[in-house]
Structures are given as structure tokens and as C-alpha cells.
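Shared between the two complexes below is chain A, which has chain B as its partner in the first and chain C in the second.
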Partner chain A sequence: MTISYLLKRLGFFVLVIWVAATLIFFLPRLAERNPIVERMSETAQAAGFIGEGLAEMQKDWEAKFGLDKPLWKQYQYYLRDTLRLDFGYSLAYYPAKVVDQMMRALPWTIGLFGMATLISVVLGSLAGALLAWPKAPRFLQYLLPFFLTLSAVPYYLMGLILLFLFAFTIRIFPLGGGYSVAVAPSLSFPFILDILHHSVLPGLALVLGGVGFWALQMRAMMVLGLEEDYITFAEAKGLGRKRIFLRYALRNVLLPQATSLALSLGMMISGAILVEVVFGYPGLGTLLLKAVSGFDYNLINGVVFIIIIIIAVATLLMDVLYPWLDPRITYGRRMR
Partner chain B sequence: MNALRKRLWGVAAYCRRNPKLLSGVSIILALVLFWLIGSLLVSPTRAASLTGLPSQPPSWQYLLGTDTHGRDLLAVMMVGTGLTLRIGFLAGAIGLGIGIILGFLSGYYGGFLDTVIKGASDVLLTVPLLVVLVVIASMIPGVISLNLMILIVASLSWMLPTRAIRAQVLTMREKAYIQVAKLSGMNNLEVIVKEIMPNLLPYLAASFVAATAGAVLASIGLSFLGLGPQHLPTLGMTIYWSISFAAMLRGMWWWWVPPTVIIAALFVGLFLLTAGLDEIANPRLRRGI
Partner chain C sequence: MKAELLQVRNLRVYYQTAVGPLKAVDDVTFSLKSGERFGLAGESGSGKSTLAFALMRLIKPPGYIEGGQVLLDGGDLTKLSEDEMHKVRLAQIALVPQGAMNSLNPVMRIKDQIIDGIVDHSNEIPRSALEERVPELLERVELGPEVANMFPHELSGGMKQRVCLAIAISLSPRVIIADEPTSALDVVVQRQVMLTLGQVQESLGASVLLVGHDMGLMAQFVDRIGVLYAGKLVEVGSVREVFKEPLHPYTQLLIACLPSLEEKGEFKGIPGLPPLLLNPPSGCVFHPRCPQVMSRCSLEVPSLEEVCPGRWVVCHLYTEVKR
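What follows is the complex of A and B.
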């Protein structure tokens, strides 16, 4: 791995974050919805006060939040604040700060999404490789249509179905949430067990929704990989089946899997967010739903931005690790 | 007549070799028929709220029961299937259209434009699009109409078609028949329309189906967060309402099961269609069957 590749990749990372931040800043300003006015008229109505002086109040607030300044100045401030991860106060849960709320939700999402992704990629790749392996047990062949169906059904529908089957009909798992109300959050064994118990169904929804995709992709790669000369050579040498499968066939086709993992993380986290909504899991997805339904503009911005950062960082890490996984790849030098 | 029969026979023989394409087309056709025949038999007005008794289980009067607002769910399913298909197909078509233009500009003409277009689609592809759509949709004042929904979803469904078309055009541009066409006096536009486009057709079809699936996925995702067309009974909104009125806990399975099944069938159908079209476009895959 060369320094110039690393720099280039870091540059791309910064570019992605900047483009995302800019989109988030300018897109809402194309619409005419004013969060301050909406918030004020809502509170005014709730208090039964029909607004004299609302216009002056609006001006005051706009001055306070810097909304009376020209757009490019606002953009400058926005970039500066975003760089410091300062997203201001939540409008719906004032005086809570957006950052605090996000930090509370973040571990839930990262834990659930990370574990589920890991499991589904490993399981799916293994199953897909076996599907293409001619010496694998016969029954595996019948799994193919099953995987085909699984890969097409979106995560959140899987979540709904699981919820109905294993929480409503057979009541072995909780209906939602991250932990039981009756248990006080602490770092004790029963609490951790409780968290795991609550994360089984959302995790399973993510794993089932993802495993088919990885299996199909792996199978397609494996079919091509098995035709390579080095497989024939390994067979001719008389190597054991297990060794050929693991060391020669599987290992070589794992690399494209890593590439497509980096590319599809964005899609997958969108699915994870919606699964959280289905289960009321206390992560970023549920927070986003709350923010949207309360029209909490700052919170929406913050959650959206943090999700984009998570994915950008994960992709960056994978790209940096990739040359280490595959010694054939030497970025930054011309390959011929 | 004989030629036509021969041709039909050829199509049928091909379908037997490509069962994915056949089953994909059949599922999508079945859904379209369900919508068309359904809207002839059952009046779509029954899909509006307060037109029936609330929360009825399935009976002869209401074959799929009614929801809390007194919508006849059979009618809702028929109207909703149509609406969801329309969002998907139109947004997919817009995405493909933008993709064709950008893909050709980028792949055929190259240069500075290529750098910009490729860069933009690469950057946007790594961003989780659903959340960007959430930002757009949440800032729209008032109720989101169907056309607006289509535009919102379409606005970010052009990147994959652009990339796929660009890659194909890049390799096709160098082929000998393009050189011949140019030497025989065709201008660039003629080369694109008469020589490259016909060869791209399978790829265009596959891109269109993939863009459609993406658009449906995005529109249902937005609906799940309450950002869908709230006054319309799309499949996504039906599930949204069923969740927010706790249909599952109240045992009203007839409210959420039918839309779930239809959406699942739609995705399976689109997926099989993409796989089948890929096989036409990419003969190398055929060996893997």
C-alpha cells in the first residue's frame, strides 16, 4: 500500500462527507417549510394563544440562530459546526442537545447492525460457496430457491413476519424495545442477557434479509472461480477436498465479496434503520422516526449526518484494509 | 403467419431455458392484472376511509376485511398495488432516462464531463440514499402527492443506471462496427441511436428493472417513516397505518398480511426479472445455472 493511495482514499472520504453535508444543507432550503415558524405556531396553538407578535418573535429567533445572515455565511457556520459535531438543540425535546440524543442511540445501532452484518456475510458466503461446490451435500441444492426468495424480500417485511411469528403467536421474544422496562440498566449479567433477548428478532430480520444476497453473489463468483487453472492443478496434485475448498477456491473469491460489502453498506444501513422502526429498537432509526414525526429539523440533520459518517468511515476502513487482504492489488502504481 | 408462429415458438423455447425470466414476468404480470381487473370489479372509492364498517374481519361483504378507518382492504390492495407499481415504474423510467443521458455523455464523449459524472455517481453511491431522501421529503410542506413522491424517489435513482451504461458504452465505443459506422459518415448522435442503443437494449432493460426495484424499496422505506403520500392507500402507507394503529397487537392480521405478501411478491418478481435479463445480457452467466 502506498502513501499516495492512502491520501487519495482519504481525499475521497473528505469529498463524500462534504458532498453529503452540502446536500443536507441546501436541499431543505429549496422547500418553503420553516421549522421555527411551525414550532412557534404549534406551541402558540397548544397554549391557546393566537399570535400577536409572532412575526417579531420569529425575527428574534432567526437572528439568534443566524438565519438572517446571507446563505453563504450560514453555510460557512454550518460547515464549521458540523466539523465539531455540533448540531445544536433538539427542537422537539428542547433543551436536550442533538449530540447527546444521538450518542445514546448510536451504540444500539452499531451493535445490532455490526453483529447482524458480520453474521449474514459470513453465513451467506459460506452457504453460497457450498452451493457452487460440486462435492457438497445434495440437500444444499434445494436451498437455492429459498435464498433467492430471501434476498428479494426487504428487511423490514422480514421483521414484521418474525415479529408476528415469534413475539405475537409464539411468545418467546419481546414485542419490541431494546430492554425490559422493569430492568434497571446496569452492566450486570441479567441486563446483558435481557439486551440480547431483545436483539434476537431484529438481528434475525437483518441476517435473514441479508444472507440470501451474499449467498447468491458468492455462488456466482464461486462458479467462475472453480474453473480456474489453479483448482485443476490443486486437484492434480492430489490435495484433500477440504483444503482445496477452503484454501484455493473460497479464499480467492472472498475478495469480490469484500468489495461488494463496501459498496452495499449504505443500502444495508437503510434496511437496518427501518427494522429498528418496526421493532421500536432504541437506535438511530427510531430516533429518526421521532425526529421526522416531530419535525425536529436539527435532529433529522444530525441523525442523517451521523449515519452518513458511519458508512463513510466503514467504507474507508474496508478500502484501506483491502490491499492487505489481496496482495495482488497495489494501488497507486500502474498495473499492467 | 408462419413466421409469427415460428417466432412465438422461439420465444417460448427461450423462456424454457430461462425460467427466471419467465417466472419474473409472470409475477409482475399477475400483479398488474390484479390491479387492472380489480379496479374493474371493485369500485376504487371503497379504498377511501369511512366508506365501510371499521375493523371488520374478512367476510363475504369485505373479502379482506376493513381497517380502523373503514377502508375496504381488498379495494385498498388493488388501488395500492397500482399506485406502488406506478411509483416504481415511473421513478425507474426517470432514473433510467437520466442514466442514459449521463451514461452516454460520460462514456461516449469522455473528458472532463466523464470525470465529473463518474465522480458524482461514485460519491452518491456510497451515501445511504434513504436518509438523504428523508431530508428531502421531510422538508416538503403539506401533503406529499403521488407525482412528488415519484420525483423525490427518482432524484436519487440514476446512479446505478449511469454507471452500468457508462461501462457498456466505454467498451462498445472501441468496437470495429462503430468505427465503420463513423467512417461511413454517421454523426455521433446517429452512431449512438442506431448502433449503440440497439446493442444496449438488454442492459437498459435490466437497469430499468433494477431502478424500479430500488424506487419501490425507497418509496416504501419513506412510507415506513411516515413520509409517504399520506392521503393515498399505497402498499407502503397501508403497512405504515397498520403499524401506527397496532394492527398486529389487536389481532387484525388481515390489515398487514396482504400488503406484506404483495410487496414480497413484487420484489421477488422484480428480482427474478433482473436475474433473467442479466442472463440475456451476460451469456457468461448461463454456464452457472
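What follows is the complex of A and C.
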């Protein structure tokens, strides 16, 4: 890989982020809703009367959040602040800062989503590869209809089913949340256990919702891969079964599998957001729901921006890793 | 007379189909002497590649070995367990594959593909000793040591075939099965690769079973030749005699097809098509296309007869009418 390619790729990375940041700035503002007015009328309704000087208060608040300035000026400030990863104050939960709210939610999502994705991709790929492997144990064949069914069930539905079965009917897991309300958050063993206990069902929903897809895709690619001449030659070389499976069959279909992992990351994150909402899990998904329902520009911007960064970094990593996964891929002029 | 190294006796390889077994290799018997070059010739679909794969027990379902023996030094390969067969492949019988273009793993360096075959047969050799053997092996197939660190896509077709050859000889096998090793190469490279194959075979003292449809290549390379037609071996003999005086009508037509440098003639073929193996003709399988067909050919199946020393043929022309 050449330096010029890396620079080009990084430039493209920045461009993607900029376009995405611009879109998430303008899209909510195109809607004819004003979060300040909504928040004030909510408060007024709760208080039961409408005081005087409401219009002035609105102007005041808008000035405070910079919403009185012309749109292009706001955009300019927004870009500058985003560069510093400063998303301002939450409009709906003032005076909470967007960054603080996000930092509180991020570890939950990374922990839950990261682990669940890792498990479902690794388990699914391995199971799919074995499904296509003629010398695999026979019982594995019975997993195919199971995977077919699983791959058709969306994450959130899986979450609802699991909730109904294991939290409502048989009460072995909590109904929702990231940890028990009664337990004080600390870095103690019981608290960690409590977190794990709460993450089982949402994690399972993500794993079960994803594993079928990975297994089926891997199986399809593996079936084609096993037809290759180099598999036959590897067998003629008298190689052990394990080596042929791992180094010749599995190794060679890793590339398309990795590609589709990078491509479907966005879809998986949106699935994870819904699962978080179903379980009331204190991660980015629940935060995004709160932000959207409160029409909180700044919070929406912050959460979506983080998700975009995650996806963009993942695709960037994938691109950088490609030549290592498949030596036939080289970027730019070969240096040899 | 040299000892018989590989004996194939009444080998039958069938493919399971919905309407019954397809007889891809039917009752084939021949033997390979130590250090000998034996050619198996036949047109596409005659079962020659199936036969080559069956010798290494590499037939995959729906194909299966229906019966017969493959004796290597007297031991029957068809009776070995799968694990024992793993040890025999490469160490005793090695394959030089047909599709050299795709026979190497595209994501592994050449040296790793040479080494892993050796490792899986004896795991006591230290890594450094293995690394040293790679340039040696490459040199024997006339490749430079720099090839070791390359990937297959960086090599030409001829170089890839040489790498396959280097892998095949890495454990000094007794038998090398070359399944149309040059069919993907142009004639110039073909010649070079065949010369190399001949050299390594002689230096190892191994036997070669050359499978192919190129009669010209056969004539130049092998000592003895067997002609396959519709899964049956129809003629076996020394290559000189078979080309000078082919006995079976099919062999006669096959050799008549070869273009000659001296005379300019019409390009000829054999009229008709090979039979469908699912429903082969009665009697002799060649009788519908045979120019010398007799009444008994469609009724009786001819057997393999030694008509003169070292010359075997399956044809009613050379068998006495039974009374």
C-alpha cells in the first residue's frame, strides 16, 4: 500500500464525515418544528398556566442556543464546534451537555453491541462454514432450518419474544434497564454481575437476530469456495482436514465475509438501537430516541455523528486491512 | 523386467444418479512398472480423470469406487482408512493437477504451500530445515528461489505448473499422476514443462501416469500407453507399437486423426459421438461407431486379451468365436 493511497483514503474519510455532518445539521432544521417552543409549552402545560412574556422568553432561549442567527451562520458555528467534538447543550435536557450524555451512554452501547456483534459474526461464520463442510458432524445439518428462521426475524422482534419468554413468563431475567435501580453503581463484583445479568436478553436478541444471517452467507460462500481447484489439490497433497478447512477453505472466504461486515454495520447499529429501546437499555439507542422525540437538534447531531464516525472508521479499517486479507489486492502502484 | 509398482485390477468407479449408476470407469485393469511412464489417453468424458482421481481415492460423492483393487507395492489402497490414505497421498502417490491456473491457494505464499504438505506428513522436521528445502525444490523444477516468497497471482501459467510439480515431488513419491498437466499452457511452455517433468521423474526414479487427450504429447513422453473409451480400457501396449500398428479400431481412428507434417490432408475426426454412459450400447461399447463392426459386436462384450506379448486389446477382431 502506498502513502498516496492512504492519504487519498483519509481525504475520502474526512469528506464522508463532512457530508454526513452537513446532512444531520440541515435535516432536522427542515422540519417545521421548534424545540424551544415545544419545551416551553410543555412546561407551561405542566404548570397549568401560560405566563406573560412567553415570546420574549423564547427569543431569549433562542439567543442562548444561537438559534436566532441565520442558518448559514449556525452551520458555520456547528462545523467549528463539531471539529472540537463539542455538540453544545442538550435542548431538551438543559443544562446537560450533549457530550456528557453521550459519554454516559457510549460504554453501554459499545459493550453490548460490540460483544454481541463479535459473538454473532464469529459463531455464525464458523457454523456456516461447517454447514458447507462435507466432513463436518452430521447433526450440524439440522441447524440450517434454524438459521433460516432466525435470519428472517428482525432484532427488535427477537427482543420482544425474549422479553416475553424469559422476563415476563419465566422471570429469570430483568425486564429492562442496564442495572438494578437498587444497586449503587460501583466497580464491584456484584455490580458487574448485575450488569451482565441485565445484558443477557438484549445481547441474546442481537446475537440471535444476527447469527442466522452470518451463517447463511458464510455457508453460501463456502459451498462455492469448496469447488475451487486449490481445494482438490490440497486434498491431493494429503493435507490434514483441519488445515484444509482453516487455511484453504475458511481463510479464502474471509474476505467477502469481512466486506459484508463493514457494509452491514450501519444496518446492525440501527437494529441495535431498536433493541436498546425495547429493553430500555441506557445506551446510544435509547438516547437517540429521547433526542428525536424531544426534537433536540444538538443531541440528535451528537448521537448520529458518533454512529457515523463508528461506521466510517470501521470501513476505513476494512480498506486498510484488505491487502493483508487478500494479497491479490494492492492499492496504487506496487512498490517492490 | 522391472517389478510392477502399481497394479490396477478391475477398477470400477460409478457416479450415483437418479436413474441408476453411471459407469465412469468400468472394469479397468493395467499396471505401472517402477520408473515407467504410462500414458492414459482418451477423449473428454472417457473417464481418464476420474480414473486418476480414483487412484488417489479423491472421488467425491456422488462418485464412488464400486469395486476393484489399486495395489501399490502389493498393498490395496482401496482398503486403507481415510487417515492412512492421507499419509499415502503426496508421500507415495502425488498429483500434478490439471488446472494449474487455480490449483494454488491465491492467498498463501508459494513457500507455505510447499511446506504445509511436508509438515502434514512428518511434523518432526524443524521449520528452518523446511525453509531450506523450498529453494532446493524450486531449483529442481527450474524456478528461482525468489518464487518462494511470491503469491500465485504473480506467476505465469507455466511457473504455476512448475510450482505444482515442485509440490508433487516434495516428498519423493513413487508414483506421479499428471492429470493433463499442460492442457492450460501454450505449446512452447508445454514442451518445457514436460521436459522438466521427465527430468524430475528420472532423478527420483518415480513412475509417471500421464493422463491426457493429446496423442502427440503421449507419443513423445510415455513408454506404454492405454487407450480409454467410455470408461473402458480398450488397448494397452508399448507406445511405439501402438502408434505403428494400432489394433483396436478406435485407436486406429484416433491415431489417423493426428495431422501429419508430410502430407496435407483433410482434418479428420471419428464419426459419431461417445456413448452416454448411463445407457451404454450393448456388447462392445464402440460398435455403433466402429467401421469394422460385426454381427457379434452388439451381442457379446469382448474381454481383454493379450494378442501378442505386452499387447492387450478388447476387440472381437482378435478373439476366437466361441462355439
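One rule holds in what follows: the second predicted complex is superposed on the first by the 320 of 336 C-alpha atoms of A that agree within 3 Å, B and C clash if a C-alpha of one lies under 4 Å from a C-alpha of the other, contacts with A are read in each partner's own complex, and residues count from 1 in each chain.
Convention: a residue touches a chain if its C-beta (ideal position, glycine included) is under 8 Å from a C-beta of that chain, and two chains touch if they have at least 3 such contacts.
Only a predicted model underlies this, so the values are computations on that prediction, with no experimental measurement involved.
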Fit or clash between chain C and chain B when superposed on chain A: fit
Contacts of A:L165 with chain B and chain C, given as first, second, both or neither: neither
A:D326 touches, of chain B and chain C: first, second, both or neither? second
Chain B versus chain C as contact partner of A:E228, first or second or both or neither: second
Partner chain(s) touched by A:V277 [first = chain B, second = chain C, both, neither]: first
Greater chain A contact set [chain C / chain B]: B
Centroid geometry (CA): angle chain B/chain A/chain C, rounded to a multiple of 10 degrees: 80
A:L239 touches, of chain B and chain C: first, second, both or neither? second
Touched partner set for A:L288, first chain B, second chain C, both or neither: first
Which superposed partner A:R247 touches (first chain B, second chain C, both, neither): second
Nearest-approach distance, in Å, of chain C Cα atoms to those of chain B in the combined model: 14
Chain C-contacting residues of chain A that also contact chain B: none
Chain A-touching residues of chain B, taken from the complex the two chains share: 119, 123-132, 134-136, 138-141, 217, 220-221, 224-227, 239, 243, 248-249, 253, 256, 260, 263-264, 267-268, 270-272, 285, 287-288
Chain C contact footprint on chain A (complex, rising order): 134, 228-230, 232-240, 243, 247-248, 251-252, 325-328
Interface residues, chain A side, partner chain B - complex: 12, 15-16, 19-20, 23-24, 27-28, 30-33, 132, 148-149, 151-154, 156-157, 160-161, 163-164, 168, 175, 219-220, 223-224, 263, 265-267, 269-270, 273-274, 277-278, 288-289, 292-293, 295, 300-301, 303-304, 307-308, 311-312, 315
Of chain C, residues touching chain A in the complex: 56, 58, 60-61, 85-91, 94-95, 97-99, 101-108, 116-117, 120-121, 151, 153, 164, 167
